[in-house]
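So, here's a batch of structures to check.
Consider the two complexes below, in which chain A is the common component and chain B and chain C are the respective partners.
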Partner chain A sequence: MEYYAQLLLNGIIAGSIYALFAVGLTMVYGVFRFINFAHGELIAWGAYIAFFFTRSPFSLPIYLAALPALAIAAVIGLAQDRFVYRKLRHGNRITLLIASIGLSYFLRNGIRLIWGSDLQTYGLAPVRGFFFAGLSITPTQIAMTAAAIFFLGILYFILTRTLLGKCLRAVADNMTLAQVMGISIEKVSVTVWLLAAVFSAVGGILLAVDTNLEPLMGLTNLVKAFAAVLLGGAGNVWGALLGGLFIGIAENIGVAFISPGYKDFISFALIVLMLLFRPRGIFGIIGGFR
Partner chain B sequence: MKKIISTIIVIVLILSAGGVISAADEVTVGAVTPLTGKLAVYGEGFQKAMLLALDEVNAAGGINGKPMKIAFEDNNSTSKGSVSAIQKLITIDKFPVIFGPAASSNFLAVCPIAQQNKTILIAAESAAASISQCGSYVFRVFPSDLLQGKGVAELTQYLKYNEVVLTYINNDWGVGLADVFKDSFLKSGGKLIDEFAYDEGKTDYRSEILRIKKGSPRAVVNLTYVKEGAIMLKQAYEMKLEVQWLMGSAAKSPKMVELAGVAAEGVIGTYPTFSQDTAPYMAFKNGWDKKYPDQKTPIFGEYNYDMVKLTAEALKQTASMSADDIRSSLIKASKGFAGATGGKSFDENGDVGATYGRWTIKAGEITDYK
Partner chain C sequence: MDYLLHIFIVFLIYAIFAISLNLELGYTGLYNFGHVAFFGIGAYTSALLSLAGYPVTLGMVGGMLLAGVLGTLLAIPALRLSGDYFGIATLSFGEIVRLFFLNERWLTKGPMGLPGIPRPAWIGEGVAGLPRFLIFCLLLTVMVFLVTRRITRSPFGRALKVVREDEYVAQALGKNTLSFKVRAVAVGSILAGLAGSLWAHYISYISPADFTLTETILVLLCVVLGGRGTNRGPILGAFVIIFFQEVIRFLPIPPDFGRFVAPLQGMVYGAALIILMLKRPEGLLPEYKQ
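And now, the complex of A and B:
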């Protein structure tokens, strides 16, 4: 019984990180109507910039190094929009998709150019986990879940209690109509990219603290984020959150029943089943985001 | 008029391109190397070791006066990439010798192509036992896992762990090595409490570790790579899984110790030994330190170095550039060859022998286990 409870706990923790990634991806989709394949690189760059600041000459501890990392990741997110996507915004969605794939190659290999293909680590010593009620949890895992709750809480606040959030939702619903109503697309775009970048970077840093850094880390997590987005319905923020949690839990509990070698199979099978039977996702709505 | 001029230009360009490829004053061999993708971690090191050997070969006069060159072709660490890379090297560049890709799965994907096209294919770090059956044109300077699997089983019995959990990476190498281990271990009276494969390239192995914990073993045989091994060790430490970890040679790397930190203490494993006191090894080490100061020698770097040097010897002595002649020359050259990793005589399958030593991690360093 404890075994399954532990798997569930691990699943929730892993899922909360996937949720962070998925939420940014789905917001970009909701407003701009394309899946940003370069989203994964925001995750990787966030982690690597923090890595850069933990080395000399800065030698900051990781929680301080995270701050410039978030700032620079935000800049990269905004630059993505400004230099690549903005010009293509009113064109074909396939063009945006392909542009994002190209951008992801560029950013991913930029990391490889600067830091090499080898694995890197923040160099934090492994810590024993705490045990309570027979379940084990480490300080890092607690931080991961706390950060996820914190940031998602802020997102909830922004989306439901502020004017900016309402504008975001309006633009996601219908960009042209929102513009007619006087809502500034620029302000909304900036906000969306900021949120997407910060969330991804935070998730990336936490992931790197838990495991390690490598140039492909963005790509591998993008797939999970994408699965979560599809599960919850593209454009639906809370759907993405639940989708992320669901995938995290499904992957971990699945290990108890099938060989761990097939763990990936679970995420992909879910995507296929979703697309076959309910393409809109569990909470999907046509257009907009809630 | 314009058409005629442009046709002439195109023809000139094609001829000159052909000229560059078939330059008769240098000897080029191909190499399929993981320079990008999940094995790029290893690939960069291999390339550096090969270039070091290349420099030394050329400094000593090259292949009978002609400089030797290596044309690297990236395979993106995938089998598909390896196949495209080798097709290009064989059909377009027509190299007589190709250094094969890392990871047994990738190597196994290309060896039938090399065999069919009568191209010599050499591996420096592919361990899967099935490679011995690849064909007469396929060689490797790295010992087959057939021996390592037995080595790990013997180590397990030697340490008196009769019941263990077996876990391994889910690819040709892992599955192959696990099979050989299982064979030897069960025959010698051992019992497997649990056995399962796991995916490479994951960041979270907690569920796998939980499953190991469920069996309450005293020892776990984990046939793994550097990255996956490090993550599992770290997460096992956090989850307070206290077992004796037994590994193979693919995890024997300072990088794994760096990534896992204190969680890597006490791991014991096997590896094909070669003495580090020999003159060839010292030559390799000194050459490396001179060319790449302040960089640790990469895992399998010595094998890549030997592979290039041995090939250069064979090319110097070969009667012609035909595959059969190079093949006999390679076999002959290997008989007396003393490389950084020891003697490299090829047997009838193109394999080399090995003795297996034991390594352990103590105080953050990899040392021999006595």
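And now, the complex of A and C:
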């Protein structure tokens, strides 16, 4: 029993990270109605830039290295929009998607070019876990969950309590109508890309703190974020959040029953099941953003 | 001379692969981002059957059939929704198939791969068999070209284009659009299976590392560069891309920089996709003359 409780706990921790990936992806979908295949690379670039700042000549501790990493990831996110997506927004959808998969491949190979294809770690010293009611949890994991909750809290605040959040929801609902009402699409689109980039980079860094860095981490987690977005109903931020948590839990409990080599299979199976039976998502009814 | 034969054989195999993707991407407007999965399924099925002692021809037919069946099974759930979802489902399907090759050691020998895949008996092994293998590939390519040209010029092919341009119009004309799309994917997967099995019998060694997103990007680039929705486009695209790839091998690259070649090449492919989409989305041979 404790074994499963431990798996559940690990699942919640992993799921809070996946939720960070998924909210950005679903926000971009909600506003621009396209799936950004390069979203995964924002995750990987965030983690790798933080890695860069933890090394000499900077040698910053990870929580300080995260700050320039988030800033640069935000620049990459804005540059994606500025130089590629904005120009294709009103064209054929297929050109947009092909450009986004080309961009993702370009960015991934950029990582391989700069940092090589090998596994890397931040080189943090392993910390002894606490035992609480028979469950083990490390301080790193607590910090990860706290950071995830903190950032998701900020998102909640922005979306529900600020004028900007209101504009964002209006644009997601109906872009033309929002434009007619005098909402600046440019401001909203910059906000969406900023949020998406910062959230994926935060998630990427947290994930890399817990596991490691590799050039393919973007692609692997993109599939998980997709599954979370589908679970929540595309464009629904709170749905994506719950979807991310669900996938983290399903994956960790799943390894009790199937070979760990197929851990990534679970998100794929969920994608296919959702497409087959509940294409609108299971959390769609909860509402929220969009 | 032998090297030139090799380049031509690889070009012809990629031409078949590109034609198969073009049927889905170019004619029907389906973003298949995991097309390499069917290439891999064809390669592994054919290799395993012929290694088990069955004739090579039977192996190739088996590979095509299995690729076609799995393509249909994937397409039915994935195509019930809009194109973006098909992109996700196929992208993750490609990853899952690779995981399967990697993990099912009893069948595929995992990362070690399958060595010693035989060629058809009348062709002969090694360099001596190259001219006859080239003729074999040429015959198959011409056949595939004629068959797809016949398909795309038939009423069925015209209906596919209507589905691509406007699904509602196709529905209003009494076409079952899902059925059309599924059939396009089925034929595309069968042809990709053919290309994959040719690849396996030609290279004579396959491993999961041969069937990654890189191959999908490469074939996507062949189709997009040549011209989507044209019969000759993918062949021209495959010709340009394969020759570009082989020419790179002759560049005088200092050994210290060897590590950078593959990522740089990947970045070039990614950037080429983006620039093509921005500047000339119709490719070298446009579908409609201006």
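Basically, the second predicted complex is superposed on the first by the 276 of 290 C-alpha atoms of A that agree within 3 Å, B and C clash if a C-alpha of one lies under 4 Å from a C-alpha of the other, contacts with A are read in each partner's own complex, and residues count from 1 in each chain.
In the analysis below, a residue touches a chain if its C-beta (ideal position, glycine included) is under 8 Å from a C-beta of that chain, and two chains touch if they have at least 3 such contacts.
Treat the numbers as computed from the prediction; the structure is a model and nothing was measured.
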Side-by-side fit of chain B and chain C on chain A, or clash: clash
Contacts of A:Ala125 with chain B and chain C, given as first, second, both or neither: first
First, second, both or neither for A:Leu88, with chain B first and chain C second: second
First (chain B), second (chain C), both or neither touched by A:Asn212: first
Partner chain(s) touched by A:Leu97 [first = chain B, second = chain C, both, neither]: second
First, second, both or neither for A:Gly110, with chain B first and chain C second: second
Touched partner set for A:Asn252, first chain B, second chain C, both or neither: first
Partner chain(s) touched by A:Ile35 [first = chain B, second = chain C, both, neither]: second
Chain B versus chain C as contact partner of A:Gly261, first or second or both or neither: both
21-29, 57-65, 93-101 or 111-119: stretch of chain C that collides with chain B: 111-119
Shared chain A surface residues [contacts with chain B and with chain C]: 109, 112, 116, 220, 259, 261, 264
Chain A contact footprint on chain C (complex, rising order): 25, 29, 31, 33, 74, 77-78, 80-81, 83-85, 87-89, 91-93, 95-96, 99, 102-103, 213-214, 217, 220, 224, 228, 259-260, 262-267, 269-274, 277-278, 281
Residues of chain B defined as touching chain A within the complex: 35-38, 40-41, 43-44, 170, 196-199, 201-208, 210-211, 214, 226-227, 230-231, 234, 237-240, 255, 258-263
Chain A residues touching chain C - in the complex, by the definition given at the top: 34-35, 37, 84, 87-88, 91-99, 101-110, 112-113, 116, 219-220, 223, 226-227, 230, 259, 261-262, 264-265, 267-268, 271-272, 275-276, 279
Chain B-facing residues of chain A, complex: 3, 6-7, 10, 14, 109, 112, 116-119, 121, 123, 125-129, 131, 136, 138, 140, 207, 210-212, 214-217, 220, 251-252, 255-256, 259-261, 263-264
